[in-house]
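One chain, chain A, appears in both complexes that follow, with chain B as partner in the first and chain C in the second.
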Partner chain A sequence: MMNSGYSYWNSTIRAFMKNKVSLFFMALMAVFIVFIIIQPYLPNQKSPNVIYVDDTTGLQLINMPPGREFWFGTNSIGQDMWARIWSGTRTSLFIGIIVALWENAIGLIIGVIWGYVRRLENIITSIYNVINNLPRVIILILLAYTMKPGVLTMIFTMCITGWLDTARIVRNIVVIIRDREYNIASRILGTPAYRIIYRNILPYLVSVLVLKATLSIPAAIGYEVFLTYIGLGLPLSIPSLGNLINEGRGYITVPSLRYQLMIPAMVLSIITVSFYAIGNAFADASDPRNHF
Partner chain B sequence: MSRSEPLLCIEDLVIKFKVRGQTIEVIRGLSLKLYRGESLAIVGESGAGKSVLAKALIGALDKNGWIDSGRIIYEGMDIAKFQAEDDWLKIRGREIAMVFQEPMTALNPLKTIGNQVEEAIVLHEGYRGRDARERAIKVLENAGIEDARKLYKKYPHELSGGMRQRVVIAAALACRPKILICDEPTTALDVTIQAQILKLLNRLQEEYKLTILFISHDLGVVAKVADRVAVMYCGKIVEAGSVKEIFYNPRDPYTISLLSKLPYI
Partner chain C sequence: MIRYISSRLIQSVITLFAVLTIVFMLMRLMPVEGYLGESYDKLDEIQREKIIENLGLKDPIHVQLKKFYKRVASGDLGVSIAYRPGVPVAEILKSKIPYSLGFGIASLSISIISGITLGIFMADSEGKILKRVGNIYIILINSIPAAIYYILIQFYITDIFKLPMLFYIDRPISWILPVLSLSLGTTATYALWMKRYMVDELNKDYVKLAMAKGLKRREVMKKHVFLNAFVPMIQYLPSSILFTISGSIYIESLYSIPGMGGLLVEAVQRQDNPLVEAIVLIYSSIGIIGMLAGDVLMAILDPRIKLGKREGRI
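The block that comes next holds the complex of A and B.
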């Protein structure tokens, strides 16, 4: 497709560029991601895990409101919230992106095989049914419970179940498009299956996969928050949006300390809304049916 | 043109379908010979099984259907026995190609028409890049698209039905098949365009030394293209012969009733 001048990607990018709102969110996320990467190297940054102590009294600087010294305040044991929030965002986004990539890569491969190779249809359907009939939450809890808490455990637990939806969606699209008459026509003129998949079916999958992937990122962060909430999350020494929100949750009724919940919740909201907007706009733009 | 040597030999073919637990027999012991270089028309009313037969010849039966018994002999091979996709890849396009009824749905709406013809050339003739493109333009011109160079980058929806059918024919020809199956190639077109396409097929048959299997429910169309006619009724060939024999001396009652429906004979 690309080597012979078909302008699928050009059309996609052109359509995406027309959508100013999503361009704004895309710029926002770009700046945001650059920021959280370079943040530890900026001047005057504190460490996320150091407990700060008042030099004169020797007491921990607990629950300091946001101010000049601690930009986002400190938490209940005197750690710097600014540093913890960006460190936590890094962790959570890392989990989200890895999980999203995995879900979609594996989901795509299994979905295409599921939809195109008739011999494997029954086997994959059975595997799908077995995993899918166990509630995802239970699988997540079981795995998180039996393994050592940590970022890799978190990623692993989500990857076990994460590809199911993508695979099912991909399979459905493959089955529908595979039997379009032009694909049959192309097949009976001797085009091998892999070529039909690559050239005629993948373009239809791009829009769905992009949307899935961009939604997988906030969803993975959401699961991380949830697992933390039920006590199976990351240890406090590894800040994440999940354990920050969970820590802050206790102060929802105390107006003067509410910032400890509001700030991480805000960061989570911004990430979620931005990815959702970007994903939606790109899905529309990359749907070949919208190019005409 | 020598008609002595059969190129494709169908013997006692039975094709069944499974529909909601029930098995139905759609092709019921059909035998037919297709001679090298001829143009054979299969006529019969809708539902007779013409499309099923055509699809069976190219390994494209719907997945609830199968060849139950019988043989399809092509070049010494019994293609009725083919199972693997790889077997079919040796036949499809390069030996037998097919043109569908509906030229809109037979073309990929997301690819330029030039591309779709080029694809077949890359696949079957091994040309690449600019060479493939030049070949594609040539074939398109041959299929009656005069300004092929200009239309190369057009999408199917930008063309008229007749033009689209010419593209479909060009894509099939680009594979350089020995047999071209045309399943009601003009049914979706209006009458004047129909005549042009039929003329085109006649010309291409000479030019490319094709053997054509032409499927239609319209005897008027058949009279224009075919050397020989086989009349199909309920999954069987009830009568076969030259166009003259069938039109002026039909023996089977079904053929007679088909002819009586023809307005201008």
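The block that comes next holds the complex of A and C.
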């Protein structure tokens, strides 16, 4: 074969690099993630669950505005908001990333089987139809309601519904590619199915999966906030952005306490907007039509 | 056509059965003590056993399931145990459904009209500023969780425009904000897709031909481009119904609208199992009916759809 000097991934990366805005968000998220990982080990950090008490009066330091001692202030029972927000961001991002990985992994596997194994086509289609006909939030509420609240429940409930889109897209691509002549030839020559899937079909799916995964993260973080609002979120001892926003919501009418809602809301919005922008820029960059 | 519609109908009925069964199973996986409600502490062990037995919760699971099907089919949704103990769920819901329906339909209509209008203007190359504003709007609405902008809208917009912060039945002005916030998300979806379909159509050869023929741009847009771009938009109707349901749960509870969504939040918080079960079933049925209606409408309006395909929407 002639070497045209065209490489799909090089071109994708080059096209992505051209988009300065998304590059900025990418760098921002990289710094952000490094920061929230090392934050507890930095000097002068407080614990997210300790209630701070004034040494002289013995009273709890409640609702302290952001200042030198408490960088983001304290909440209504005297916990340090700076520590709680970063700890909450870790929880929420952890949920987001795990959900993104799992639901796309499940979606990929089911989608490939759905498209490739004709015997299972009907049954998977009917399962898909049942779940797809229901409002996702209703399924989330029902599952979270019947299980114990916790990080695992949250991840599980989101994965149950989240694989649908990925599976459908993967299936459509698989159906298109599986009967191309080179695959039929390969099958006749005795290549096992897993090898055809791995070598001939998976490369077509990579860009879709990366896109879906980057968009799953903000969605999962949003669902966490929603479930917490309903009362099906994480216990207060595990700070999460949903918890913090829900706590802060009560103080929105008091101007001096509004920071308790605004800071977590801002952090969350920066994360979701960044991932959304990165995902969309990647989708554009991975389209070969944009490579020239 | 009839074959497609009837097979789609059968699929919906199967889905409904599956949902009934799944909801039932999940609810029975929870500890049965939940069915005693707030009277739990007042009873002793023997009384509790008796009540649970009387409720039929000790029967084998398939007997319970059969009873459950029969009960739901006859319109009996059970009795509330915590929200208003002893009151039939159907009676509680009767006064709530009109509000949810009213808000849902109002916000859907607004978002369809405004979303499609926005999409049309964004596709037109003349409105550069509108295009930019529309793009920023779509990105922000799609990426920031609804939970956050609903709260901010509720607080800041009421402050600026002196609108009421909660819903009052006798003040029509208090409808404005909940309906508008609820339609923001679907508006963005409609605008995004309408713009894409319009741009796709504009790049086609027949548009160039029509222009070359000397037709006015407005004329081409109105008679050809718009209609062709509009038909595929119908496929977003079902998903926007589902999206509106999701949003309404949040909005209704935020503005204390006496609808089903707000009730669901309260029922969850007070662990009123029969009430949660009933509301989940109703919302699921609305979802199923909405999806069915959307598919059938699509099949009627767009003859290009291949009928009789088993996969339905795929």
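The rule is simple: the second predicted complex is superposed on the first by the 252 of 292 C-alpha atoms of A that agree within 3 Å, B and C clash if a C-alpha of one lies under 4 Å from a C-alpha of the other, contacts with A are read in each partner's own complex, and residues count from 1 in each chain.
Note that in this section a residue touches a chain if its C-beta (ideal position, glycine included) is under 8 Å from a C-beta of that chain, and two chains touch if they have at least 3 such contacts.
No experiment lies behind these values; they were computed from the predicted model shown.
Trainee: I'd like to know which partner A:53 touches here: chain B for first, chain C for second, both or neither.
Mentor: neither
Trainee: State whether chain B or chain C is in contact with more residues of chain A in the superposed arrangement.
Mentor: The larger set of chain A residues in touch belongs to C.
Trainee: I'd like to know which partner A:288 touches here: chain B for first, chain C for second, both or neither.
Mentor: first
Trainee: When the two structures are overlaid on chain A, which partner does A:135 contact: first (chain B), second (chain C), both, or neither?
Mentor: The answer is second: A:135 touches chain C but not chain B.
Trainee: Answer with first, second, both or neither: which of chain B and chain C does A:13 touch in the superposed model?
Mentor: Touch status of A:13: no partner.
Trainee: Looking at the overlay, does A:193 come into contact with chain B only (first), chain C only (second), both, or neither?
Mentor: first
Trainee: Let me test your reading of the model: by the given contact rule, A:225 touches which partner, first (chain B), second (chain C), both or neither?
Mentor: The second partner, chain C, only.
Trainee: Hey, what residues of chain A end up touching chain B and chain C alike?
Mentor: Common interface on chain A, chain B vs chain C: nothing in common.
Trainee: List the residues on chain B that touch chain A in their complex, please.
Mentor: 58-60, 63, 85, 89, 91-94, 97-98, 100, 102, 105-112, 115-116, 118-120, 123-124, 153, 155, 157, 168, 171-172, 175
Trainee: Give the list of chain A residues in touch with chain B in this complex.
Mentor: 1, 4-6, 8, 118, 180-193, 195, 199-200, 203, 288, 291-292
Trainee: Along chain C, where are the residues that touch chain A in the complex?
Mentor: 11-12, 14-15, 18-19, 23, 26-27, 29-30, 139-140, 142-148, 151-152, 155, 242-243, 245-246, 249-250, 253, 264-265, 268-269, 276, 280, 283-284, 287-288, 291, 310-314
Trainee: Report the residues of chain A in contact with chain C in the complex, numbered from low to high.
Mentor: On the chain A side, the touching residues are 122, 125-126, 128-130, 132-138, 141-143, 145-146, 168, 171-172, 218, 221-223, 225-226, 229-232, 242, 245, 249, 252-253, 261, 265, 268-269, 272-273, 275-277, 280.
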